[in-house]
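Here come two complexes built around subunit A, the first alongside subunit B, the second alongside subunit C.
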Partner chain A sequence: MTASDYLDLLIKALLLAGIYAAMAVGMTVIYGVMKIVNLAHAGFLMLGAYFAFELFQRFNIDPVLGAVLALPAFFLFGMGVHWLLIRWLPKSDTPTLSSLLLMFGFWLVLQNVGYLIWGNEESSILMPRTFAAIHVGDISVPKVSLIVFAAAVASLIVLQITFNRSWFGRSMRALIQNPYAAQIVGVDDLKTSRLSFGLGTAFAGFAGALLSMLYSFNPDFGRPFLLRSFVIIVLGGLESVSGVALGALILALLEVFSINIPIPWYWHGWRAFYLPASYQPVISFALLVLVLLVMPRGLAGLLQRKRRVA
Partner chain B sequence: MLLFGLLLLLPLTNPSANTVRLLLTTAVWIITSIGWNLLGGLTGQVSFGFAVFYGLGAYATALMINAGRSPYFAFLGGIAVAVLASFLVGLPTFRLRGPYFAIATIGVGEATRVIMNNLDITGGASGYRIVEHTPFRQLEHYYSAVIIAAIALAISALVFHSKFGLALRAIKQDQEAAADLGVNPYLSKLWVHAIAAGLTGVAGGLYARYHAFIYPGDVFAFQTSIYILLMPVIGGIGTVWGPVLGGVIFGMVEEELTVHFQNTHLLLYGLLLILIILFEPDGLVGLLRRLSKKLKSRRSREDSGSNDPEQILRRRGGVEGR
Partner chain C sequence: MKKKGLRAVKTQLDCGLTVAVLVAFLTVLGASTPAVALADDAVTIGIIMPTTGREAKPGQYQKEGVELAIKQLNDQGGIFVKEKGKKLPVKEVFYDNGSDSAKAASLVERAMSSDHVTAVIGGYSTALGEAESVMPDRYQTPWITAGAAATSIFSKGYKYTFGALSPIKLLGTTTAEFLGSLVDQGKLKKGLKVALVVENTDHGVDYVNGIQEWIGKHPGYFTVVLNEKFELGGTDFSGLLQKVKTAKADIFLSDAHLQDYITMQRQYLQAGLRHQVISYGARGPEADARKALGAGTDYILAALWWSDKLPYPQVQKFVTDYKQMYGRGPDSWYAATAYDAMRILAQAIEAAGSTNGSKIRDALAKAELKKALIPGEVLKFGPNGQADYPFLITQNKPGDKVDIVYPKDAATGPAVAPIP
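After this line comes the complex of A and B, so read on.
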């Protein structure tokens, strides 16, 4: 393992973190504002991927453009879903069993509608760009990864601005912090919830479309990302986009470097420990349990506590 | 009781092997539903990873049978392994609340499946075959499944009506309040998890013995966890008969659906799940109960009016007693 190999892995992790963050932020918004664990998030990711796929197949639309188009499309879709299903759920400031099961049922529906429409073979978006790479010295970076990363970061910046500057963003943050107090100061709970759900869905669709450029997919697509998104939420806390970004970065670093963990072997300096890629869900899960046990409010909460004491 | 008697007498009517298989599968699913319901319905801890115990029970039973043990001893082995696993899983995860717990169980399920896929001692992803040196008698499998299902139902009813069951219900409604009243939520959850896992494990063992071939993509699949969860929720989460009803419906209908709609049969269940959560959280049992109450109240309204307050209360449905 040379230095440039490590650099290569580091870059891979960074790029991965970008897309992970974009993917997780959708679930974060919904969870934060409405305290609903959106299991259907996986379904939305899948739909986003197929959205880009269909646009590419039928109209030859570049998937990046497809991803951008996914934002308004899924925003409306999300608001529709909220109006149809979500608004009937009992409100509470902790996640409820019924919300969990409802979103799970909806995910099943989405998944199976996916199977109905697209069957269960793998699909993927293949273009000349898929195989192009940029070479810097010893390191080669696939062009798609860079594009996806750029798109993800751009979307996150836009979200951060919305969160901090707009009235809507302020309403969201108020609901995240304390739903009851927010209503007292005049935040329209229903409207903000609906817009938030739309926003979360929009980002899920957007991320899904971006992911379609990187991976092949089938209607069961979202599931490994579901667990990852939740780990990122738990790591990063709920109140900021930068928290999500941080959580995404940590997870990405762990996943990428687990393929090659340097462990000191007692007789010969460093030996590398290889964890097969299929073990990655184990990483997410182990990390999740660890974080939840040690710091239930996520890293952001931990840092906040330290800052307050100081 | 009547149903049980019917099931026992069934072989006298000389049913087809297919029917017996169907009923056997249903019985196995009923056992898992009852098990899951104890944890998810009564105690309110929704686990998306029960396939872990199903699969571990299956594999443990399979290994023991192949090692020469009697199948019933192997079932006990399956239970033991599942219960042990339930403690391993429960110790860290029960410190988490509600949906955190649920998502953690997704992780447990996935992690276990991945590990079992890579474990070569048990055949890894290609699966594991059971070789029994006694002739295959379908009825023996059938009876063992039905009897164990009855035992499971008895255990479930016992727990529901016991003080332990009351404690679990308290935990479901408000864990802190329950703790204030003297219940130890963590321990209680661990115990009920053990019971649930044990039941699921024996179901896995029954399945393994009948099919004589298991592989991780089948018994440890996320889809299996979904099935285990769907049945009690649709039938009636948190009730004694709900899981039975759910298991029956699922077992009977699943065959037909899988034939006609290979990949989309879950669509029906997804829709059912949504409808149930939105309109009748108590599942089909709740629905039936509501219907029977409506019928009863209509009938009693036709009776002569009585001014006795007790009778009026009783007619109006009175205090809900489960």
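After this line comes the complex of A and C, so read on.
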């Protein structure tokens, strides 16, 4: 492989990290505040994709604008889901069985509603930009992946600013750090949870709408992203926005480079071994197990600890 | 006191919520597994296909193929069963396996053990078919797959397992043979480099074996420079396609299912890759792919078990009947092989003169469906239970056109190679 090939791989990994970050950030917000592992996240991604699809089909609205419109629409939808289902869940510092069951059941309901409305067809959005790429020498950068990357970075920045600068963000951080102390100092637990769930759902819908430009989809869409989203937020440290970015980047780098970089091994002399591409999904599982064993609070926890020690 | 009361109400709510979710979950599951009240005066056929999940679309097409055959049989009064002394209507019991192997196997078991169906048609795709194929011998109930063709299913000595598709290995061999014919015609040069990128299933393994067997027997034609597998249902093939790019191959041969074909071809085009020939095994002309990729599917070759371009009168009748029933034409090969599977099963039940599983099994082993839709017009099963008939090679052309390009005597248009 030449230097240009490695650069190409690096760009591909960065773009993939953008996709991963976009799809995982909504899950982090919900877990951080409410300690709910949102298994319905895949369903929200699917609905986001169909939201952009319908806007594109019916009103010829660009999916990028569709993704922006998905933010308020899914924010309200998320608040509605919270009012209808989530607020009845028992409060806990750790994920509970009832929350897992509820979100899993809700995902199944969303899927089946999807099948009722859209059937089992593979839907997709085909535009002139779908296959457009920027070519620099041997390297080609797909425009849609660049858009998703930019949108992911923007959403992470917006979320980080919301976390740091707004009253709502401070309430969220207080609840993440210590829900009991937060309530003592006047944080409205229910209201913040409702807004957080709305925000997490909004980002899931936003990500789904963006992903509709990259993939064809059916009501089962989102399933393969669920595990990766989970790995990313565990790796990043379950409650951290910057952790999500870092987690997404590490997973993407590992997935892309691991199958393209020769691993030296000795058997009657030195040889180069390439990890088969079929082992790519194993990386996610292995990483999940490793992180849970070695640094259960993720990279953010590790960095915090180092900062405290320093 | 008040707090305790509130807590009790809350606990009740939690329990209620959990039960409600469980009930909803079981209801959703139950929706795909209907309870069957078996009638003694009907031939009950279990259809186990994915109509949701990853394989939903091909599964639905296969279901439609079987249902068309059942409708036509019932229009003629059903199947004559000698031991009953009359024609019995065919009753369909459908189960959606949700593209899940474990669920597919358990549904076959349920159909055969609790619902006591006469026979089962199922097994789209290879992964699901493999899971299902262990059940028929256990319950001595015939099972025909019209959508799984990996050798692994038919090499275990099962007696009640039948396959209406020719082996995948032959699919690989036919593809290589066709590419060889392009070399002989001077359309491709000798010694071209081939990149093989196949799904990590027995389907993929058989495909590679078929290609490599032909290349091994015909030295000098092609060299395999990359042989990689990928996991089903992948979302990112950029790393894999980088390997393809680095390999500097001239021919790109993949073996993928519909979703992976669409995702991979999309990323292939975005990566700016180009090869003289592209194929995705038995996928190529599907309407969903053409909708998703537009002109991006032009010139893709596919090795198929059937095409609506076959010049047999029964094929044209099938296409007309299918259009009449579903309001659209059959998409690729899926419905046709399922239609033939149901027809050969009906023929075997009639020959057995009974709804007894063992008798039907014996009749199936000897059955020969004439005027079948498949290439060669005759469907029969080999000693291992699998059919063996020639493949067709089709090529997508601009303007949503699809031509049979191989074999020569069935060709409806010339092969375009290298891709312009």
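Just a few scattered comments:
Throughout what follows, the second predicted complex is superposed on the first by the 290 of 310 C-alpha atoms of A that agree within 3 Å, B and C clash if a C-alpha of one lies under 4 Å from a C-alpha of the other, contacts with A are read in each partner's own complex, and residues count from 1 in each chain.
The rule is simple: contacts are C-beta pairs under 8 Å (C-beta built on N, C-alpha and C of every residue); 3 or more make two chains touch, one makes a residue touch a chain.
The structure displayed is predicted, hence computed values, not measured ones.
After superposition onto subunit A, the partners subunit B and subunit C occupy overlapping space and clash.
By the touch criterion defined above, A:215 lies against subunit C but remains apart from subunit B after alignment on the C-alpha atoms of chain A. Legend: residue contacts after superposition of the two complexes on their common chain; A:5 is shown touching subunit C, with no touch to subunit B. When both complexes are overlaid on chain A, the residue A:105 reaches subunit B and subunit C alike. Counted by residues of subunit A touched, the larger count belongs to C, out of subunit B and subunit C. Contacts of A:124 after superposition: subunit C is touched, whereas subunit B is not reached. Within the superposed three-chain model, A:230 lies in touch with subunit B and out of touch with subunit C [touch as defined at top]. After overlaying the two complexes on the shared chain, residue contacts for A:113 are found with subunit B alone; subunit C is out of touch. Of the two partner chains, subunit B is the only one touched by A:95; subunit C is not. When the two complexes are overlaid on their common chain A, residue A:186 makes contact with neither subunit B nor subunit C. Mapped onto the common chain A, subunit B and subunit C collide along 275-283, the only clashing stretch among 41-49, 167-175 or 275-283. Comparing the two complexes, residues 88, 97-98, 101-102, 104-105, 108-109, 111-112, 115, 120, 219, 223-224, 276, 278, 281 of subunit A contact subunit B in one case and subunit C in the other. The residues of subunit C lying in touch with subunit A in their complex are 10, 13-14, 17-18, 21-22, 24-25, 28, 31, 51-54, 56-57, 60, 99, 197, 200, 228-231, 233-236, 238-240, 242-243, 245-246, 258-259, 262-263, 266-267, 269-272, 288-289, 291-294, 296. Against subunit B, in their complex, subunit A makes its touches with residues 37, 85, 88, 94-98, 100-102, 104-113, 115-116, 119-120, 219, 223-224, 226-227, 230, 234, 276, 278-279, 281-282, 284-286, 288-289, 292-293. Taken in their complex, subunit B has these residues touching subunit A: 44, 46, 48, 92-93, 95-100, 102-104, 106-108, 110-111, 114-115, 117-118, 222, 226, 233, 263-267, 269-274, 276-278, 281.
The part of subunit A that touches subunit C in the complex is made up of residues 1, 5, 8-9, 12, 15-16, 19, 88-90, 97-98, 101-102, 104-105, 108-109, 111-112, 115, 120-122, 124, 126, 130-131, 133, 135, 140, 142, 144-145, 214-216, 218-220, 223-225, 228, 255-260, 276-278, 280-281.
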